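Since the structure comes first, as structure tokens, the remarks are kept for the end.
Chain lettering (A, B, C and D) follows the sequence in which the chains are written, and residue indices restart at 1 in each chain.
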Amino acid sequence: MDITAMKHLIAKRVAKEFKDGDVVNLGIGLPTLVANFIPNDVTINLQSENGLIGLGPVPQDNIDYDITNAGGQPVTMVNGGMYFDSAMSFAIIRGGHVDVTVLGSLQVDESGSLANWIIPGKMVPGMGGAMDLVTGAKKVIIAMTHTNKGKHKILKKCTLPLTAKHQVNLIVTEMGVMEIQDDGIHLLEYNNEFTLEEIQDATEAKLIINQPKIMDLEE
Amino acid sequence: MNKQLSIEQLKQHVFDGMSIMVGGFMAVGTPEGIVDALLEMNVKDLTLICNDAGLPEKGIGKLINNGQVKTLIASHIGLNPRAGELMGSGEMEVILVPQGTLAERIRSGGAGLGGVLTPTGLGTIVEEGKQILNIQGKDYLLELPLRADLAILYGTEVDTFGNIVYTKTTRNFNPLMATATDKVIVEARDIVEYINPDHVMTPHIFVDYIIKEAK
Amino acid sequence: MNKQLSIEQLKQHVFDGMSIMVGGFMAVGTPEGIVDALLEMNVKDLTLICNDAGLPEKGIGKLINNGQVKTLIASHIGLNPRAGELMGSGEMEVILVPQGTLAERIRSGGAGLGGVLTPTGLGTIVEEGKQILNIQGKDYLLELPLRADLAILYGTEVDTFGNIVYTKTTRNFNPLMATATDKVIVEARDIVEYINPDHVMTPHIFVDYIIKEAK
Amino acid sequence: MDITAMKHLIAKRVAKEFKDGDVVNLGIGLPTLVANFIPNDVTINLQSENGLIGLGPVPQDNIDYDITNAGGQPVTMVNGGMYFDSAMSFAIIRGGHVDVTVLGSLQVDESGSLANWIIPGKMVPGMGGAMDLVTGAKKVIIAMTHTNKGKHKILKKCTLPLTAKHQVNLIVTEMGVMEIQDDGIHLLEYNNEFTLEEIQDATEAKLIINQPKIMDLEE
């Protein structure tokens, strides 16, 4: 699978996690793709931490540079959407009013901790709104490739500085869907292009495997 | 009271070593005219408080990349690679603050509160050196209020009293910063006769000066 | 998602002993239609959180004077003499909270903060039993967040999504309460087709049900 | 002097304390009268804690019941005024953005403490916004009759439950203008309808009297 196909597959699977009416924040990069796969019978409210709910598609023309997403890129607003300031935006986020946040990550571990904002000495973008999002959202989904070109990302214990402790609920990769529970990481679904052994080999943490389903990728 | 100021008169209100809060999110909602004037005046050793480091050619990125910033307090610097370099080399101090915490610290600085009690940052390096309070069985970090000498804001519509409306996503940190500094200067896209009193986002009592944006 | 509710359907959302935040300031911005329905249903043992005790014939004064309120959390009860009597006789518990502290406690309940650090109430009986923190050389009272089962609000314009605009001084506590309860029901003076996204004061995600005001 | 004349005199003197552009909050009752005596060359911004700046006169007709003051009474709004919610209202008040607050009081003492919200067992209106106002405003002026029908109100130490400690700056009564300083209450101005001895007799706290001026009551 090439990287584009992988991302496509991950985004498609994540999109099945939403319920009608959910307030959802999608991170920059892969998580943004999720918006393209929302089922027709589900309406979600996309929140963007720079100050809006009702994020619409990227405009092709008639660009309004006053309507932007958290990456500073022009977007559009859907009917019923609204704008607010950064205090309200994070009252929504921290106060538990976001149902699902989808983020990429550099590392996730079996205790549900994650690290996605800094590689000391190399890359220091800053945490932006990520720490608030994973702390405040009701459900935290990590959407990422299973490994970094073969290097483990799903670990026993994160080695990079954390974004938050014990906040991740679900990990969706091209290999499967994993849920963090008190006793560790449960493989709920797997992509049958891979064997269970291959998936475990690509994972540092020990996966708890109990009759996993085939990964649901129906449109 | 006439609050209108020319961009030349801005000089009277800035000095080396001052602290400035700058509205905007990835430079959306940043007063570019005032930033350009600060660039031209070459005021130095600034402490800037802003959501991010701007872009190399936009927002406070211009001031950072011109070496005018001693300390940056922000949540994100990823869109301006030079900011990361200056941080790495130690030429600029960067204090990274989670975005929601940054918003709330500024708000509390303006609202006379003693600080912010937030769960954000617990169990991370953000908590280092900070007090943790257990309240009703849950832990919270105590984050301190932020204030500055000056706020520079970008308003879409400003009336002659100084009431401000920020349109769409240009709003972001602007109305919070308006409350938390000794002096507030707004760059106005348009100076208007009338704003519906229900729609005012920053009451005029916070605004000291209005500079009309050059078009 | 159709959020419209008839006043009869309100019954499904209330129960004896529940806690309700009620918008309004001296009954200005209080949803009188919902209050009247609560009066008629005669739900009992309510804990009400409201700026004040209303007036004898207006706002939550009607519920208080009908003996439906077990506990009132408010900043002022002076315009409803019966509230003072019920407090004096012990028939109703009244917890008086400084108005700014009340606003901020509700806001913190909605914003996921651990509490409010305020200088208000220091050196008075308000500080009794509360933690005092010295932060940067100044004392602050730690006041706890407030939440409730239900908020009942009065919106001037509500669109079908549930976005709310509150006009003039009807705004007061309404937008704060919208964020701090498990369920939110707004009484709409008018249900409108469109609200400018810049003018929304309560985003629709907070609003569960809309009841049209009877005229 | 009858009570109406007293209130008139007090309000008139308080109105001289404002500077052009000041943000001012006037309490209910006597302090409200102050608005009638603002000098023509001074424009102040009247804040009302229920959510507006730009409080105008009480309307005679065309009453809009959506525009009210902190007593719930219909008022009007002047040009340039605006509305806000209770959180912003008290951010303005607590955050030090109100230049002057004028309140009545039951008691004030020589340390600048005041008591004006409760008489235990008798009158329990609640503190409303008073505690925030006296804590947050830059200058606190107490506007009240000097005594309660002869009973002292300006005391060595308040006996009623306090509204706040050490927050009062100025007391204006029908007898004079008093400033609270570190060493006690200074009589800055006096109404020469009274002797200094009469004023001291009406005051429990010892007044510091050092060449007081005649009370300025010019229009």
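Keep this in mind: a residue touches a chain if its C-beta (ideal position, glycine included) is under 8 Å from a C-beta of that chain, and two chains touch if they have at least 3 such contacts.
This is a predicted model, so every value here is computed, not measured.
Student: What chains do subunit A and subunit D have as common neighbours?
Tutor: Under the touch definition, subunit A and subunit D have B, C as mutual neighbours.
Student: With chain centres taken as the means of their Cα atoms, state the distance from subunit C to subunit D in Å.
Tutor: Spacing between the chain centres: roughly 29 Å.
Student: Once you find the CA centre of subunit B and the CA centre of subunit D, what distance in Å lies between them?
Tutor: 35
Student: Subunit B to subunit C: how many Å between their CA centres?
Tutor: Spacing between the chain centres: roughly 33 Å.
Student: Could you pull out the residues of subunit C that touch at least 2 other chains?
Tutor: 104, 107, 111-113, 118-119, 167-168, 171, 197-198
Student: Show the residues in subunit D shared as contacts by 2 or more other chains, in ascending order.
Tutor: In subunit D, 52, 77, 83-84, 90, 94, 136 touch at least two other chains.
Student: Kindly provide every pair of chains that touch.
Tutor: A-B, A-C, B-C, B-D, C-D
Student: In the complex formed with subunit A, which residues of subunit B make contact?
Tutor: Interface residues on the subunit B side: 25-28, 51-52, 55, 74-79, 84, 87-88, 94, 96, 98-104, 107, 118-126, 156, 166-176, 201.
Student: Given the complex with subunit A, which residues does subunit C contribute to the contact?
Tutor: It is residues 1, 107, 110-113, 159-161, 163, 179, 195, 197-198, 200, 203-206 of subunit C that touch subunit A.
Student: What part of subunit C is in contact with subunit B in the complex they form?
Tutor: 104, 108, 111-119, 133, 135-136, 138, 140, 142, 144, 165, 167-168, 171, 197-199
Student: Where on subunit D does subunit C make contact in their complex?
Tutor: That would be residues 48-52, 64-68, 70-72, 77, 83-87, 89-90, 93-94, 113, 121, 123-132, 135-136, 161-166 of subunit D.
Student: Can you name the residues of subunit D that touch subunit B in the complex?
Tutor: It comes out as residues 20-21, 23, 43, 45, 47, 52-54, 77, 79-84, 88, 90-92, 94-97, 136.
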